[in-house]
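Two complexes come next, and they have one chain in common, chain A, joined by chain B in the first and chain C in the second.
And then the complex of A and B:
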């Protein structure tokens, strides 16, 4: 985007003697950062408007008699900024003394101990010793249950206003307010009503101290006990970037990892607090096989050999088309690609899917619009409430588009008249259309209508689950091959495939992944009971694991390495954040070994990186995208 | 003194709080004339008068008006009637005695600035004055001076009287705007300044009651004549509230520049009970203390600044020789602690720190190290706060400490207040 700021002349300023060049309008704080100079801040936050209330960032600006807040002062040509002078140092000490005056100093029992800006800056700048005879502190409520998710300690609060501004600027919900004044000022929920927002989990993260904490994480761990891994939230298809913080191979919390293109640093509570799902103890931890009617533990090699043998036998007796292959929208791209290859090329069956319900009439054009590109739209039409229910963080991007950028957001019901909607749109400009995948036909219809009315329209389709998009792109579907290649013969969709199994046409099932899409379906149960062979690779005990004739322990998404594709087609890495309780090969290796047992060779090592090269050769849109780029699909179709 | 008066020139005329009474002394002629002159000529006249804001900052009124961006409408006028400065009660007099003079001033300013909505933000505790103003505004509407088509012109002007909720900070212009909008009374980040983005995000002028009450005179008699009442550097007249240890506390209108503090003290009957003058605060609770050596300083912006203080909001608080300055400082700091809005750290925590130390000092239990600590805390507040409230919370303490160091030192470790002990005056 070649906007005014890149065209306008840069401003030269100096920070502590270092020259730095920044666009006009840049905040001194940002210019300092660019010059490599750290300025301590409490109230300032990259995603919030400056308020300059904490005064921690005061610096000297030549020619001005008073110290200036770096967080709220804009650069001017030739500005000379000094951040390390005696004056600045003295005030920083003094300001920290002020902040600590009424602070409870209960770091030893505070969740934020070790990752608290008050602790850190006091270490770095603080006066070093207490001098005051004033020991009486103003007291507040130390354990306000703001909701079932958030705890507030009003004594630890340094009144940076970030939480209040977060609600004002980012969600628009205004659930936290400032009350009283002077040294009695506190933040609290409005009239102590429980917070309702679906985005509360961001509060403890923007709070610079231990005033707002996650009840889920309260007293659970110390930051230095945690191992941090950058990954992707597995709750939905939006692909928010996260850090997985683990302690003793259990996930202790998710934290946001700002990706301005995707999450803009915010997570929804369903995603953030959803990980206990992955910590559940009901795991499959040993390879097992039915030997003479009885299931028993077997060696990994034995299990693979038995699985391959059984599948070969069914194929030999009834043909490849008597085998059904089911994956999961929570598989990685690498697994999905290998699984569809295993089905089509090795087992020679067209019956492969990753979902229960059929998905027809899909094309890359339905995914043309990117998440951040919503900000470039003059108006955005949102079809129904499904998109935001599927991917709650989308709501925050839409709020930004409406509130901060002042663009029109048009929410229409799932059934609507495209002609009527087009009439309500701006006369010209770019139109974004957001729809759940279930409403893709309506979205494409509206796009066509808007297009013929002279608007440039593009669609952002919200898929289900973390990697349904990748599974679709890579052909883990019976009706399209990798890269949406059309097929000579379509196979059966998930549900149909299970029906065929119940009817006796499908004799063997290969089920890989967490099975969550199928586990709740009675049909799945029946099909598994009916087939002669059920090879199951899963992390979880459940219908599939119990019915398996051969069972191999799979990994959860937190235990895997690979890539997943978010709903807008961004290919992002998931990394192993915790190790499983067993040492058997990864799901991807299992698929490679199974192929080998069936007499085929993948051609590369069954590891994420080489397999990605393999799939990118088959689906050129993915080439070079493994580090977070959107797959680039040729226009058309 | 028999100098010409501006604000109080009609004092004593019957029925001044009614439209009729006010009209009898020439009331609303200024507005009629202003409408004939047109906006530009009014602004020129105000500039010629040299009128400077009477709310405390003494910013030239004509210049302030000139900051409004051209062609951005609606614009708003806010009248600052929050008068909460300790020792200050002159706006109250103007509203009680001359409500129509104020309304006429407001309407003249509104016409000059092409404003159609003028808000009068009045201190919450001024309930009687608020009712009085509301009544006066109703009358002005009825007489055709306000409302739709003022005096038969196409110009509409609504007058809205809004009561505050009892916060000193809401006298600060941007906090006033927040409060008026129904938000928390706290100052806003500047820029943008109110002239560019004020009430409801629109260009706004905030002026003090006294500032605007001068306008009927300036328009009818001319800016030059107004200016000549004072000196070149300090034009016009000004109301001063004299209180404290004087025989006849009250509000006095005097020419600027030509009058001295001693003159003001005399107007108020001199120091009471035959006592000696000890100290004074020339501009209300916020300003630095001055001593006997400053009594002959004229009421001139520059001269008072050179003496180390400011005329602030025009309130002279006189202290006699029985006064303990540590006690006064302690009470003033308590005021700021109570009134700090809580927005910024150095003011919120600093005023608490300061007041706790002052209590110890006044009780005679603080050490000399704590006295040094007090200065250091003040240094960490002054010029570091978000708005002037926090800065001014240090001014009296620091100036008193500079001027009367022995008095502060004698408190250290004394076990009680050495000044008040033995004094019969329970201050």
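And then the complex of A and C:
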């Protein structure tokens, strides 16, 4: 709408007698919101273009004979808007009566009941009673399975078109259409084909009523059962902001938590519907230790003491370099920082990693471009399909850049000729380069080529897991220290470390985190069987938990507090959304206690906030970033 | 002084002549007033389907939070209740319940009422958390309110498998006149036991 240059000439209008100053071109609805006056609306949505079909937001504008839709009318200087007049009240009342005419009123069995705009506005503005009989309603199909994820109830639909417009404007897939005419109009998938989109989960969220609902969440809970926690989606490294809605310490659903800088309020289905992974019952719930060949449950203190004693013994007999430390890209920043400190400073081993495959030649420059900054690029080059496979929500951002902003998107295969690509780019302007981390060399090469051709280019590489970026920034790698500091002695990468363990050079392993990257590898199994000591801190039963000589129960990402860094370097907080079934200390405190057992003190309490201060002192880019800001890396650092 | 003694004895002697108002409680029981709010009952329709749709409005209305409901989706071939939704778990913590009756008031299908039962003591606290099996009306109904309907019914079916439409062991119950439950969402009409 209005850019920064027009801020000087604000438009003065009055809403219900309250003066407001807004940029020209602002919608009356937004001006009302700015004045602190709520105008009910169904069809308008912050991320969609106005259509003014629901007629719920009609307001009186002085000088105009008829009521105007606030969601589609733009402000004019001196405009006088009234939202509380008798005429507005009468229209809202009448409009709601129309909407309810054929509404089935099955709120008790509707998943939306309790958080439904139709319920809320009827309560607030609607008629107290119906004039038509409940038996005279026009009926449509209920419980239409639009796909394996979405259920459609055509009777509940109020025809706001939000779903249709979402597919048109946000994903461009156009899978839902309006069919028939007049009172028989229904929303349906095109030719009743099952929906294919990987962004269907957003539909129930933008639906103002219970017409589109999640099949996964179907009848699972009512809104008043849920406890909502703002957190970060753990599916990929994109860092979409979510609300975790939990019922009885089980995650019931994920809901989007709009962050225009990251997710722009959209989630992908893999992320949104992926949480049952975290609800799995195969958990480690007790500290255990191998006592005389037999594994048995021990107390927490005993387990920590045994773990520390065993690690000390191995270090004493074979030196610190005979110990290997493996983390996980699903650890928080705090845990990653403490774990690498524990390895390097306490155990004195360079062999520390968080992934199976080696990762070399990384630098903050490969993450220079921010996600929202893609919108400021004149052209975006996407290398291969891996970035969008890793982080599906990126597709929506690219679609916005291409279609709403009209910029050029150039999708090139992984093997491309940089010179050819540069030739296709616009002559001037900023170039964005998006690649999977695996293609970082190609992306940096293209950046250099574009730079030498006189174009300003920046790269965004997409990492794999939720905190891969944080683990890299904080040096949970054998070849770089915290803040990508170069090391005197590089250690062994994950795979090499396990090979060394199988070969007998590594005598003890400390494995922290879910180990999902390793569990599938046969080598991991062999290495754990071979080493003398395997201290495992994990939430899940698996190869590591079974082979452990000392096992400590860890937490899932939904159960811990701390920060994670998304692929563009944004440091965001994860919060405890559910409590684990046990009361043992968190992973971070386990690491602190382990360090104490090994004779070293962290210097601060092993809690997320003090440890963050500690890591921000070691990695200056992170200073003051835990509120959701991007870590600011100096160029060339 | 003598007068007072005589006066007192007169009352004593008079009371000795009257019938005592106490009864031999567990063996003998007084009738409970019809609107007594005792232990809850979960009702069924005449075709055996549960009235409860698992909407949790009772739990929402409960001022002490003693009701726990977990809903689930009906299997259309073997529905537990009419419509799409039923309560797979329904528990009331009778120790916490204050018997206010708000649950019954909130219920959109009149599935839950507070019944006549008032002997709620037990030796174990766990047993005072009433589950769905404890609360659900037996089928055919034992509740006085349901007696009249139950008399006209054929052979009872096992309680564990409430009958659906077209079920072979439907018996005469299916033809009970005009008994389509007024559940929003169930559009099938005609035969009494037509779920959905």
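In this text, the second predicted complex is superposed on the first by the 624 of 637 C-alpha atoms of A that agree within 3 Å, B and C clash if a C-alpha of one lies under 4 Å from a C-alpha of the other, contacts with A are read in each partner's own complex, and residues count from 1 in each chain.
Quick note on the criterion: a residue touches a chain if its C-beta (ideal position, glycine included) is under 8 Å from a C-beta of that chain, and two chains touch if they have at least 3 such contacts.
As the structure is a computational prediction, the values presented were derived from the model and not from experiment.
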Original post:
Just chain B (first), just chain C (second), both, or neither: which does A:503 touch?
Top reply: neither
Original post:
Residues of chain A touched: more by chain B or chain C?
Top reply: B
Subject >> Which superposed partner A:520 touches (first chain B, second chain C, both, neither) >> reply: neither
**OP:** Go through the superposed model and pick first if A:617 touches only chain B, second if only chain C, both, or neither.
**Re:** neither
Original post:
Looking at the overlay, what does A:428 touch: chain B (first), chain C (second), both, or neither?
Top reply: neither
**OP:** Pick one for A:53: touches chain B only (first), chain C only (second), both, or neither.
**Re:** first
Subject >> chain B versus chain C as contact partner of A:419, first or second or both or neither >> reply: neither
**OP:** Name the contact category of A:448: first (chain B only), second (chain C only), both, or neither.
**Re:** neither
Original post:
Overlap of the chain B and chain C footprints on chain A, residue-wise?
Top reply: 134
Original post:
Which residues, counting only chain B, touch chain A once they are in their complex?
Top reply: 167, 169, 184, 189, 337-346, 348-353, 356-357, 360, 366-367, 369-370, 373, 376-377, 379-380, 383-386
Original post:
Contact residues on chain C for chain A in the complex?
Top reply: 53-57, 59-60, 71-73, 83-85, 108-109, 183-185, 187
Subject >> Complex contacts: residues of chain A adjacent to chain B >> reply: 50-56, 58, 65-67, 72, 90-91, 94-95, 97-99, 101-102, 131-134, 136, 138, 158-159, 178, 180-185
Original post:
In their complex, what parts of chain A are in touch with chain C?
Top reply: 104-106, 108-109, 113-114, 134, 139, 142-143, 218-220, 222, 224-225
